[in-house]
Amino acid sequence: MSKSYRDGLPISPEKFVDQLMRLKRGSIGRREFLGLTGLGLATAVMARELGIMPSPAFAQEGLGDRMSIATWPNYHDPATFENFKAETGVAVEVNVFGSNEEMLAKLQAGASGWSLFVPTNYTISTYKKLGIIEALDMAKLANYDGSQEDPRFTGEGTIDGVTYAVPKNWGTTGFAVNTKKLTKPMTSWKEFWDTAMAEGDGRTMVHDYQLTTIGNALKYFGFSFNSLKPDELAKAEELLLKVKPHLFAVSSDYQPSMRAGDAWMTMCWTNDGAQLHRDIPEIAYVLGKEGGEIWTDFYAIPKDAPNKPAGYALLNYLMNPKVAVKEHLANGAPSTDARVNALLPKEVLDNPILYPAAELLKPLEFGAAATLTDPGRAELMARFKSA
Amino acid sequence: MSAGTGSVFSMRGNVLRHNLLTALLLGPATAWLVVFLVLPFVAITVFSVGERAPEGGYQAAFTLAQYANLPARATAFWNTMVLAPAGALACLLVAYPVAYYLALRAPQRWRLILLALVVIPFWTSLLMRTYAWMYVLGGRGIPALLAYVGIEDVRLINTPGAVLLGIVYGYLPLMILPIYVSLERLDRQLLEASADLGATPISTFLGVTLRLSLPGVMTGFSLVMILLLGEYLIPTLLGGGKVFFIGNALVDLFLQSRNWPFGSAIAITLVAVSVVVLLAANRISTRLSGARRVDLI
Amino acid sequence: MRAFVVAVFAFLYLPIALVVLFSFNAGHHASEFTGFSVQWYGKALANPFLVEALKNSLFIATTSALLAALCGTAAALGLARVGARTRAVFDALLGAAIVVPGVVIGISTLVALVQLFGVVNPFVASLWPNDQPPRLALGYGSIIAAHGLFSMALVAMIVGTRLGSLDRNLVEASSDLYATPLTTFRSIVLPQIMPAVIAGFLLAFTFSFDDFIVAFFVAGAQTTLPIYVFASIRRGVTPEINAIATIVLVASVLLVVLAQWQLRQRKPSH
Amino acid sequence: MTAVPDIEFRGVTKRYGSVIAVSGIDLAIPPSAFVALLGPSGCGKTTCLRMIGGFEQPSEGAVFIRGHDMAGTPPYRRPVNMVFQQYALFPHLDVEDNVAYGLRQARPRLSSREISRKTGEALAMVRLAGYGRRKIHELSGGQQQRVALARALVNKPAVLLLDEPLAALDKKLRTDMQIELQNLQREIGITFVLVTHDQEEALSMSDFVCVMNGGRIVQLGQPSEIYDEPADLFVADFVGKTNLLSGKVVGLSGKLVDVALADGTVIAARKRTPLAQGEAVSVSLRPESLSLGAPGSGRLDGLVRNRIFLGSTAEYAIEVQGIGTLLAKADHLVGGGNLFKPGEPVAVGFTAGTPLAFPENNGTNQRENKNVEIVS
């Protein structure tokens, strides 16, 4: 098709007018006209030259020399990307986010620039509905073996038989405590919130993330982590507003503050809990006995991803169990892939932070898709933050 | 319009050519202003009477609900309206003596160097410098030093004080420069005249120096105020998401809760507030220093 | 007062000193000094994203400042040729471009462009002769435009003020001495307003180079240095960032010293 | 003069780094005098004035005002007021507030009625009644000058200091102001110290002229003394116009010397300092002491080169072979008498005893001038 406009150049004035007349009479298609006049080519060239728009999706199978991934704080082994670069020549830029809402907002605004990102289980259906993630071409993911994945954690990546996302790892959301500073043993979210207003005054962090912050406040009253009921949310808000003045920060990147000793207690994901405890043994990871979140993070590719071949290549690379095992050792969250678990050392598999006792896991809930888009929860969180 | 007589460089030639040239000169700027100022402003105005789409973003509607919901961000507005003037004032209190010293006391040959030293911090990223403050105020910085001498568990970061410090730090040069300029232009003879007429140094400062540097003070003050009204970074980095400015509320609405219409309504309100603040500052400045034009004599 | 001034300078430079100090850190964090090393300079320059962010920032700052200087100067010249009413409208718009907080500029530009692209892209696609139509998207163009808006207004104002104080006699003398309008402009007006144009350019460059909040909204897939640094603060700053910041600082100080030296060299010969 | 001098300098030296601005000055100014400090720029006159005002401190010696050593007394405690060169009126205050400024500093405080009365009087004195609410920039240069005067005088200072107060005015206004200042001084009877580089101004206004050069006082005296009996070549040259002719001492006779000019003409001249036989000298001849006449009738013969008509008088440039061009001033008589045309031969004569001979390298501080850079 691209042949037509190159052949049409240059065009004489007579021919131009002639074509214009034909266009007016309707005997010529707009595309034909654009092609003939060379306008299309000129626009395309100019646009690309000026860098106003990124080049259209790669036609050929070249991987380019760079791509970017959107993920969570302290979530990867930096060596993974260095090795990937050594193998493929593609350098990987890591963008870090504090909440799924932030990722969604960036994708909704268009042109995120990511070739790969790491959404959490409950968000995938919304992404699919909004049409902003790619139905994965499984042929390009030879290293992925669905049969080895733990079905408890991996179902939400596939919708109506089409796979939109493949799992990275699962985990829980509890809280980390510096037991040297806060010596009272804690086992529940009630204690978390109460301590935040007492001994932990000015030293407690909560996520900059509505799902967990509101969810765990709901847990204080024994409500569902995913509740959308206005009266229940109102009670959660009351608690949050009461706690707000006592907090150290509202941030999903709590490791630096915990490590520096500025914060003594924080809402915490499995992987961060494992990393903190590994480096600073007095930091303990606690799962609230009332329940809370259990989650799986997935890899997915945005529909408007600038370098999809590289995205697929990295995803396939990450699905390689030998690569994944190193990732898990660095990240600290439990894998969903049996092949990876087989390679993990015993002390990892025995780590109670990663694999909590069954009775602690039982009350945990997966995030519900509705919480992601519910305006009530979004506005509650925003009010809490701006209070 | 066609004559262009007021211009010092008007070119001869017929009216048509004159108008064509004027249009060519103003064309790019006009296009720029329309596409990237007027259009966006129209867009957020339209958005501000719309509704949040179910998944976030915008959906067309006509409602004033977003404006009615403004009180939900009262705290952020309050923080901004308190901390912005407080920050500008703190900035002024630190900046004035420095500007005064540079303009009137520093040895001549040091003056330029010292002035350059005021400007140089501008060339390192404000982000990096604020990050350095995060370190200084954070657990490994001053609190660690204090712990060393036995004062345990001091918390400095993520407090309004830290935000205020960040503000003073970030905007100090912007405050020093205009005050310096107005003090530098000050006729030294006026100070001698005042002393000659029996005024003590303090009353000379209050009666002459301060009064005549007011235009600089007001320029610096409103400059810093305007920038602070839209501040996002300093409260984010040094306030830990706890000291929330309107700027933070805006970013939050667009990048977290994805409530574009409400965000638009807040943005418009913020612009309105900024304009009011600036007009007020202007009014005060002209009132206080009615004799500004005398400088030329 | 001396002591106070010294204290303020210490206050101004303490963070900068720390930034520079940690760029020589042997350790991995920009927060724990574990030994002296220059390795991070090498690593920073080998990090394609950091270098790209730096290049992007330089490119965006230069382009937006240049465009702003050009359009702003043209606008100031044009404004001197129009009636009071047109002028008032323009002045109000230019003032607005300066006063409206960056965060609002960023947000409103984002909102407007996303909406605009939403209309334009499908339209272009429907006209396009093949299946890969160009898509308008946020990126260099939008950052340059959004940064340049503020800068252009700034330049127009600075140059306008300068033009206002230009001695009309000079222009008349020039045309009296047989200079054509163009020659008069080139040899009289331009040299007079040049310092203002250059000052405007430098301000615009500095502003764009250090801006975070506007770019944060309209950068799309592009990364500028401040955006990269902000992202780094979230994922943990390595001394790479300090190294780049130090390089930028040293480069700008050198530039200024060089400019000063040049100026001093040139003076006697004039 | 038994009264305590209003101003007294005792061995005052002022140095700026290695630069000497004022060098060992002794000076006493009697009460109610109008004294002019006259000299070229950089001679130290302004520094002297500023030391009286308290804006500079002497490096050595002391300044006394009415018998009190002023060392360590800041300007705002000194009983003197200054009229600044550019007037230094406060732009943010109106005329009345400018004038009242000094009164408002007084402790114990004056009542506002008192202040406004005194202000009104001061403004009336400088003929600016009714101008109180004007802004400074709405006034003309002369009016501003008078505001500055009123502002200083309203405080009833012991001494009024005037730093080139008329320099910024045009010629006509300057002349008017000179007369006004003189009248004012007589009226209120306090000491005025005027700094000026304009010798005409100094001679016409003051009772005493203190000629300074190179940081020293060269001559102190009444205007006529300064003009008629200059102490040295510098004063002769600086004050008024004069012709300086080089020559050699060929004869000594009491107060007079015979000087042979370059062309061999020998003239008799008075001397102010001892001169030796054969010493190189400059002879000063005031233009008005020269008389012109028909060729052969005078001492020297020359040609009229140029004539400048000045109304009542005319100035002639006369070229004398072997000597150079002389400036002569002659009365212009009604009816065209005594008018010479350019190109006409003419004889130049002078009254015996009017020429003054100075040693060529006498102590005009020419050498020290090098050290005295412009400090004002």
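Some observations on this one:
To keep things simple, chains are lettered A, B, C and D as they appear, and every chain counts its residues starting from 1.
Methods note: contacts are C-beta pairs under 8 Å (C-beta built on N, C-alpha and C of every residue); 3 or more make two chains touch, one makes a residue touch a chain.
If you're wondering where the values come from, they're calculated on a predicted model, not measured in any experiment.
Under the touch definition stated at the top, chain A and chain B share these contacting partners: C. Farthest chain from chain A (centres taken as the mean of C-alpha atoms): D. Centre-to-centre separation between chain B and chain D, using Cα means, comes to 55 Å. Distance between chain centres (mean CA atoms), chain A to chain C: 33 Å. With centres defined as mean CA coordinates, chain D is found 58 Å away from chain C. Note on chain placement: the centre of chain A and the centre of chain D lie 88 Å apart, centres being C-alpha means. Under the contact definition stated at the top, the residues of chain A that touch 2 or more other chains are 109, 256, 260. Among all residues of chain B, those that touch two or more other chains are 138, 140, 254.
Along chain C, residues 31, 110, 217 each make contact with two or more other chains. Pairwise chain contacts in this structure: A-B, A-C, B-C, B-D. Contact residues of chain B toward chain D in the complex are 187, 189-190, 192-201, 203-204, 207-208, 211-212, 289-291, 293-295, 297. Residues 1-2, 4-5, 30-32, 34-35, 40, 43-44, 47-48, 50-54, 56-57, 59, 65-66, 68, 73-74, 91, 93-96, 98, 109-114, 253, 255-256, 260, 304, 306 of chain A touch chain C in their complex.
Within the complex formed with chain C, the residues of chain B that make contact are 1, 4, 6-13, 18, 21-26, 28-30, 32-33, 35-44, 47, 58, 94, 97-98, 100-102, 105, 114, 116-118, 120-136, 138, 140, 169, 172-173, 226-227, 229-230, 232-233, 237, 247, 250-251, 254, 260, 263-264, 267, 270-271, 274-275, 278.
Those residues of chain B that touch chain A in the shared complex are 52, 54-57, 72-73, 75-76, 138-140, 143, 153, 155, 157-158, 240-242, 244, 248-249, 252-259.
By the touch criterion stated above, chain D contacts chain B in their complex at residues 53-55, 74-78, 80-82, 84-86, 88-93, 101-102, 105-106, 135-137, 151-152, 155.
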